[in-house]
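Read through the structure below, which is laid out as structure tokens, and then see the notes.
Letters A, B, C, D and E mark the chains in the order given here, with residues in each chain numbered from 1 onward.
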Amino acid sequence: MNKLIALIPLLPFIGFLINGLGRKYLSKGLIGIIGCGTVLVSFIISLMIFFNGSYSTTPIHYFNFIQAGTLKIPFAFQIDQLSTLFLLIITGVGFLIHVYSTSYMHEEKREHFGRYFSYLNLFVFSMLLLVMGANYVIMFIGWEGVGLCSYLLIGYWFKNTNYNNAANKAFIMNRIGDLGFLLAVFWLFAKLGTANYTEVFANVGKLSSSDIIGITILLFVGATGKSAQIPLYTWLPDAMAGPTPVSALIHAATMVTAGIYMIARSNALYSAAPLTQNIVAIIGAATALLAATIALKQNDIKKVLAYSTVSQLGYMFLALGTGAYVAAVFHVMTHAFFKALLFLGSGSVIHAMSGEQDIRFMGGLKNKLKITYWTFLIGCIAIAGIPPFSGFFSKDAILLSAFEHNKFLYAIGLITAALTAFYMFRLLFITFYGGFRGDEEQRHHVHESPAAMTVPLVILAVFSIIGGFVGVPEVFTHGGEKLAAFLSPVVPSATHHIEHSTEILLMSLTTGIAIIAILIAWMRYRTYKEEKYTAFGKVLENKWYVDELYDTLVSKPINKLGGIANNYFEKLGIDALVNGVGKLVTYGGRQLRWLQSGLVGNYLLLMVLSMLLFFVLEFFLKR
Amino acid sequence: MDIKYYIFLSIALFVIGIVGVLTRRNTIIIFMCIELMLNAVNLLLVSFSKMHHIANVAKDPLAGSDGQLFVFFIMVVAAAEVSVGLAIIVMMFRNTHSIDVNFLNRLKH
Amino acid sequence: MSITQILFWTLSIVALFSALMMITSKNPVYSVLWLIVTFFCISGHYILLNAQFLAIVNIIVYAGAIMVLFLFVIMLMNLGKDTEPQKSKWLKLASAVSGGCLLLVLIAVLRKTETHMADLTSGEIGLIQNLGKVLFNQYVVPFEISSILFLSAMVGAVVIGKKE
Amino acid sequence: MVVLLLILIPLIGGLVSFALKEGESAKTWSLLVSIATLAVSLVALALPDHAPSLQFSAGWMGSLGSSFTIKLDGMSQLLCLLTAISYPLIFIATWKTEYRKAYNFYALMLLTQAGLIGVFTSMDALLFYFFWELALIPVYFLCSQWGGERRIPVTFKFFIYTFTGSVLMLIGLLYLYFQTPDRSFSIESFYRLDLPVKDQYFVFWLLFVAFAVKMPVFPFHTWQPDTYEQSPTATTMVLSGIMVKMGVFGVIRWVLPVLPIAAYSWGDFVMSLAVIGIIYASIIAMRQDDLKRLIAYSSIAHIGLMAATIFAETESGLQGVMMQMFNHGINILGLWIVVELIERQFKTRKMSELGGIAQKAPALAILFVIIALANISLPLTNAFVGEFMMFNGIFSSTVTKYNIVFAALAGISIILAAVYTLNMIQKVLYGDANAITAKAHDISINEKFSLGAIVLLILVFGIYPQPLLNLTDGFVETILKEANVAYLIK
Amino acid sequence: MNALILSAISAVIMMFSGFMFKQKSAVRSLAIILLVVVTIANMLEMRGVAFFHINTIGMLAFDRFALLFSLIANLSTLVFFLLSSKDMEKVGVNYSEYFALIFFILSGVVISASFKSLLLLFLGIEILSIPLYILTGSDKRNLKSIEASLKYFLMGSFSTGLMLMGIALIYGATGTFRLDLIEFATGNTSLLLIAGVMMLLFALSFKVSAAPFHFWTPDVYDGAPTVFTSFMATIVKAAGFIAFMRLFDEAFGNIRPEWRLIVAIITAATLFIGNITAVFQQSVKRMLAYSSIAQAGFMMLSIYSLNADAKEGLLLYAAAYSLATIGIFSVLIKMKDYTFDGFNGFAKHQPVIAASLVVFLLSLAGIPLTAGFLSKFYMLRATIAAGSSIWLVIFAVLMAAVSVYYYFRLIQAMYFKDGMEQSIEISQGYKYTLVSVAALTIILGVFPNLLTYWLYF
């Protein structure tokens, strides 16, 4: 089995190599088959693991990555329940998106097509490494690897400078987080001498509380980068510059959930640091609300989805912060389904609209893109949290935990839920209802996507509907939540102390609010009207001016500092100092020449004077 | 007589020579001042030679004669130097019709 | 004050005075003459110190030969009183002051030397006989070597003096 | 004997090249010589540690207490390997660059190599100094003769700067020599020294300034960007890939073990300088438009990290420095090759004038991106391993109280490095082709070979660094044992 | 003794050779042959074969140190003859007399290396100096040459006066002129003695052109015919140092604390003024004059430290410095333009000679693997060994770094700048000699023992 496990990441890697090196020589079909096939096989192996139950918390050791003195970092995988779950999500959703891509990217040139698939495969490889690693270093390798792939894919259309800027931004913001991650790892090494999960979690007790708080906060900094939380979230909406399947896979379903995975994985540490947990919860809730408000006013179909993703990720952090690790993981899973679905659906729309992304120029697509519409609707319902769609269960678990933890956070969660329902349906209505607002050419072109795109949509839609049943809460089933039970060896499930009646009340409240929001959206956006500009609306449309804020507070000062350092400190300071010594010597040479007046009398006088000085020194000063 | 009077006298002559060298511009006079310096040295040597002779005459009847011989050698060298020096001065005068020591200052800095 | 002391002081004062006159005379010929006076005084000191040989040599070589050579050169160049341009006053002052300081310093340093020479005129070492003995016994090597010096000076004078 | 061959082959090869008088044959000859050196270096690697042929000793200047003792231990193996690998790659990558009087050029390059290997292998302080200068002189001529427009003053500054440092080092070595009981320059005698604290302080600065200038550590760095910019690229490769390692090497071999107390006491100060330098160089790099200057400042930042790590005196840190010395050499060599290719093709190094190369020259673009990613130490590239260990070393250092601060501040460099490196990639490779880059063509086979080899090294040692680590672990242990100041830290 | 007498005889022979031979090449060949004979005689004496058995009665001592230095001086002069003697023709008509004067100077060199008495020191220095006054002024049509000669003569005589005063004071304090007896008598230090030592110190500093008694050097070296500058800047200056060293080592070694500070100041001042002033010079000849002051500063370190290392190092320094400087001057003589710009593009037209020049310049700058480095190294080593003077050492090396500036300017001009080709006549023999001298510079730099070996065996 170990060899098979090794194959899981290795296959996409091989796919990456073949597609990458052979992109000029292979046909598009072959590239697609290799790209999808490798991920499919990985998925199958993951399924085998899952069904065989061949997971355990004992790491599988392959070789020593680094061994120097006391520093030992094995290259090892840990295939336990948590990683198995993620394996399934990554390879499963990943496979679907690969399939989808073969069609979506079909118009690309062959070598770029190959490049695309090689990046995608590399991403899957990195992501698998991230979740399979048995220590933080391997996780970090995957962590940065996915960041790289994200960078490469966002900048996939490299001729466009804006896209490249977005790619750079994504990578750099991720890097800021990565620094936190790295420092946490060093901290672990400094205190425990190891970064292996098993050893770290077994020795949490040996860490002082300040150590734990430090480590967990730093890890969380890493998570805010990768999972787009305040203050490092701004890269994610920009990342929509990449091809839509990439947004679906990387910026919705998998990569951005790495932060959640990491914290869930480190639950032993976080549970020991209540302070950090509170921070995580507050940041999560704040992000959820902030992103949701921004999403209200966005007109780019992918931007809305992107902010929605940020908001949902905020939910997950809220869950993590309140100790509901399972709920967070659960939401990761359901979110992967419906958000991938929504993105792919939007891709289908964009595909149909020949690349148009602005929803103000869409409308009335309901009848023309039937499959897309229905699947998109399912996705919207799921994300809005209407029972019994998957989003309901996972979101409810989170809200429940928040309620238990802190009423204020719960309130924010609730508001966010309402906003979520509202903006998602706003999107749906504007896009699919009303009259067609595109130009004539687009009107002719509009058509339903081919099967390679619609089949994944349908599959994902199915999972969006039924995906929630793995985590039906105790209220409805006997024997508790299946998912929690499954994960319990790795992730402790939160114990609820809430009356079942209260729980049901809360559920109804959530659902009710969501439905009201949907109705408001229905009334407002059923037929498209130009939105009126209000001051607040403008703030929202401009994303609370956070990008501008960062620009003024961080980018520009640093750039300015660089300019000052370069133009003044370096050239007029240090360099001038060094050159000044040289100039001083030359100047001294020029001045000292005047001593050499050419007149014997002066020479002799100087000689006599110095003799005099020497005599005085010798006979009077020295004694 | 106290030896220090001789020392003072010689030093005084020597310094007068130096001052002459410093203050004059006539090459020949400068040269003469240098000769005066040498003579001051000679005087000093002779007086020292006498001093050592008196101190050591019991051991060696010829003690201190080396000082006087040194004076002899100084005179020899001075003579040689004068011949060369005057030759140079004459050469300079032939070329520039001046014996001002500051006249020639092409070489400087 | 004994006669030697009187002689000593007289000679000393005359020597210093004529030396000063030598460096201050405007006319080079006067300078030469004052220098000759100084040399005579020094020769007097030699006699006082019972160094007769040196006294004679001094008069013959210095006052006689060398100074005549000087005079001869001065005559040859026909240098008058006004031919010498004056140095700037400040430079002169500086020179005089520094020379004076040098004198002061040296005297201040050397005044602590105290050796009394009781009998100035006694002793035979200054006689030509004794000096000759030492010269041709112990100092024969330097004596020979000084011939190299003379040869080189001679060649030098030829090189310089020869017309091209 | 093997170690002697390592020096003799390039030395004699270089002298022969002077006599060749014909550019093409000199070029081929030099490539052969450098490959021969590489072969010998590989043979040396295959030999067991302490094999007799890894050392060579001959009497020389016995009256001065010096001898011609050279030896290949862990660190010198590593650096000689780096030198030996770099040279053929440099020659292949610059195969098409034409030089006036190429025979002189190649001869001087080979002489530099001999000097470098000598520096890395010498086990005698005086010999070390000799080779130190021997490596410098040819570089002076290389840069002044074949460099850019401002080459003469710039190289001159470089030369005087480093020369001043090295003469001070000579004083330091001499001073140490006089403290040895047996009046010897041998490294064993130096290691046996137990100097009083005051002496250590004072000798420390004499030695350190030389090494700091060479590395260069902030604020001794101003010669470097200019020199890199103005030198012929092949020389810049040697300078930045190998020669800056001389400084790092020097501190590790001649300062830490010899002056442990001073290294400990001044450690905080030096680390602060280094950390300031890292950030300073990084933000300046962000402002550069000239590729060479950008890489130069980037190199200052990287070397600054090494300097800081050395004084953290931890095993993993030092091992990381070892790794990184090798890796940085390889990576920056790759970057320079890319710059050389770009400059040769487009006659400009200004990023603002470039762009859109990726669509015209995909092979170059891919290789460039990989090398650039190694420059920002992405995992699974070799630099990650080194930097990871170095940061870890700083963080876990016990000799400084500010280990966390240093690690965190130095860590900012990984963000800033990403900023300027990605910016560089974007401006050079991405976007649409402009007038200058419109006619770009992809790289030729030998350029592909050299860049490919570098990328291969980057990936191999990024995934499996253990061979390199094994090479130096014994050495690092020895150094740390010599530098032990645990008894001082209460 | 062999060298002393034979070179004096050679001088006399050369005096008359002008009458015997009409061709200048014959005169030249004769001089070279005579010098070879002198050199061989000197070597034989080092092997214990003395031609003349003269009892010097403690006036001269031909010990290893003296003999080795005379050998170095003779060999350097030989190199000088081989490289530059042809260029003496251009100076004036007295071709054979110039050789005679040089041979006289050589005998003076031997004396000042082997004196045991202050009298011989005085005679030796005078024998060195007087012919030099003549040689300096030998280009009689050139006002510069006359000026240099006059300046040199006046200041030289002045310093002779100082020296004699010093000798007189020392005689007064110790009652003897013999070095060994003076050393014996320095047990009780009187002010008389110290004043005398200082006077001697000043006078000798003047002879070796140490600051602040160096003022004559740039002017005289600049004004003198270049071919003689080459000689006086090297062999004669080295001889001055040897005399300096011998005197202070053998006579005043015991009272070192009394004069050490002054020597340190003189050393530092010399290094400073020599190096700093050289930086701004435009004429290579004048730069070399200042450089000779700078090098004197380094050699002063040996006087400061005064130990076995210093002695050994001084010999090496003398050899290294003489070889390099003679080599550079020999090229300079052939140039029409003495400025740095005159050397522009020189390497392109004369690659071999330029390469040799580089070796010489590197040697002067003290770059390793040249004799110049090792000699500087010896000086530094000696000074550190002398203790408590590390700042002086650091100052010295910093100044050495400054020296790189002006030496490398010449290299830059030759190699990295373009210029018109100057037509200079260079024979094959000259070329080979120059290259072998350069090779010798490197060989001495790699194996200094070849030279210092003689001191001990």
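In the analysis below, contacts are C-beta pairs under 8 Å (C-beta built on N, C-alpha and C of every residue); 3 or more make two chains touch, one makes a residue touch a chain.
This structure is a prediction, so every number in the text was calculated from the model and none was measured.
**Q** Which is the least count of steps on a path of touching chains running from chain B to chain C?
**A** Minimum step count, chain B to chain C: 1.
**Q** Find the most central chain, measuring centrality by the gap between its CA centroid and the centroid of all protein CA atoms shown.
**A** Centre-most chain by C-alpha means: D.
**Q** Farthest chain from chain A, going by the mean of C-alpha atoms per chain?
**A** So the chain farthest away from chain A turns out to be C.
**Q** Between chain A and chain D, what is the separation of their C-alpha centroids in Å?
**A** About 37 Å separates the centre of chain A from that of chain D.
**Q** From the C-alpha centre of chain C to that of chain D, how far is it in Å?
**A** So the centre of chain C lies 71 Å away from the centre of chain D.
**Q** Report, in whole Å, the distance between the mean C-alpha point of chain B and the mean C-alpha point of chain E.
**A** Their C-alpha centroids are separated by 27 Å.
**Q** Just the number, please: Cα centre separation of chain D and chain E in whole Å.
**A** Result: the chain centres lie 43 Å from each other.
**Q** Going by the touch rule set out above, which residues of chain B reach two or more other chains?
**A** Residues 3, 7, 17-18, 21-22, 25, 30-31, 49, 51, 55, 63-64, 66, 69, 73, 77, 80-81, 84, 88-89, 91, 101-102, 105-108.
**Q** Could you pull out the residues of chain A that touch at least 2 other chains?
**A** 582, 593, 596, 598, 600-601, 604-605, 608, 611, 615, 619, in rising order.
**Q** Please list all residues of chain C that touch 2 or more other chains.
**A** 87, 91, 95, 98-99, 102, 106, 109-110, 113, 138-139, 142, 146, 149, 153, 156, 160 - these are the residues of chain C that touch more than one other chain.
**Q** Chain pairs in touch?
**A** So, checking each combination of chains, I get A-B, A-C, A-D, A-E, B-C, B-E, C-E, D-E as the touching pairs.
**Q** Any idea which chain C residues touch chain E in the complex?
**A** Residues 106, 109-110, 112-113, 137-142, 145-146, 148-149, 151-153, 155-156, 158-160, 162, 164.
**Q** Okay, in this complex, where on chain A does chain B touch?
**A** Touching chain B from chain A are residues 593-594, 596-601, 604-605, 608.
**Q** Could you please specify the touching residues of chain B with respect to chain E in the complex?
**A** Listed in rising order, the residues are 3, 7, 10, 14, 17, 21, 27, 30-31, 34, 37-38, 40-41, 44-45, 48-49, 51-52, 55-56, 63-64, 66-67, 69-70, 73-74, 77, 80-81, 84-85, 88-89, 91-92, 95-96, 101, 104-108.
**Q** Which of the residues in chain A come into contact with chain D in the complex?
**A** Touch list, chain A to chain D: 63-71, 111, 137, 140-141, 143-145, 148, 151, 155, 158-161, 164-165, 167-168, 171-172, 175-176, 178-179, 182-183, 185-187, 189-190, 558-559, 561-563, 565-566, 569-570, 574-575, 578-579, 582.
**Q** Considering only the defined contacts, which chain B positions touch chain A in the complex?
**A** Touching chain A from chain B are residues 18, 21-22, 25, 30, 101-102, 105-109.
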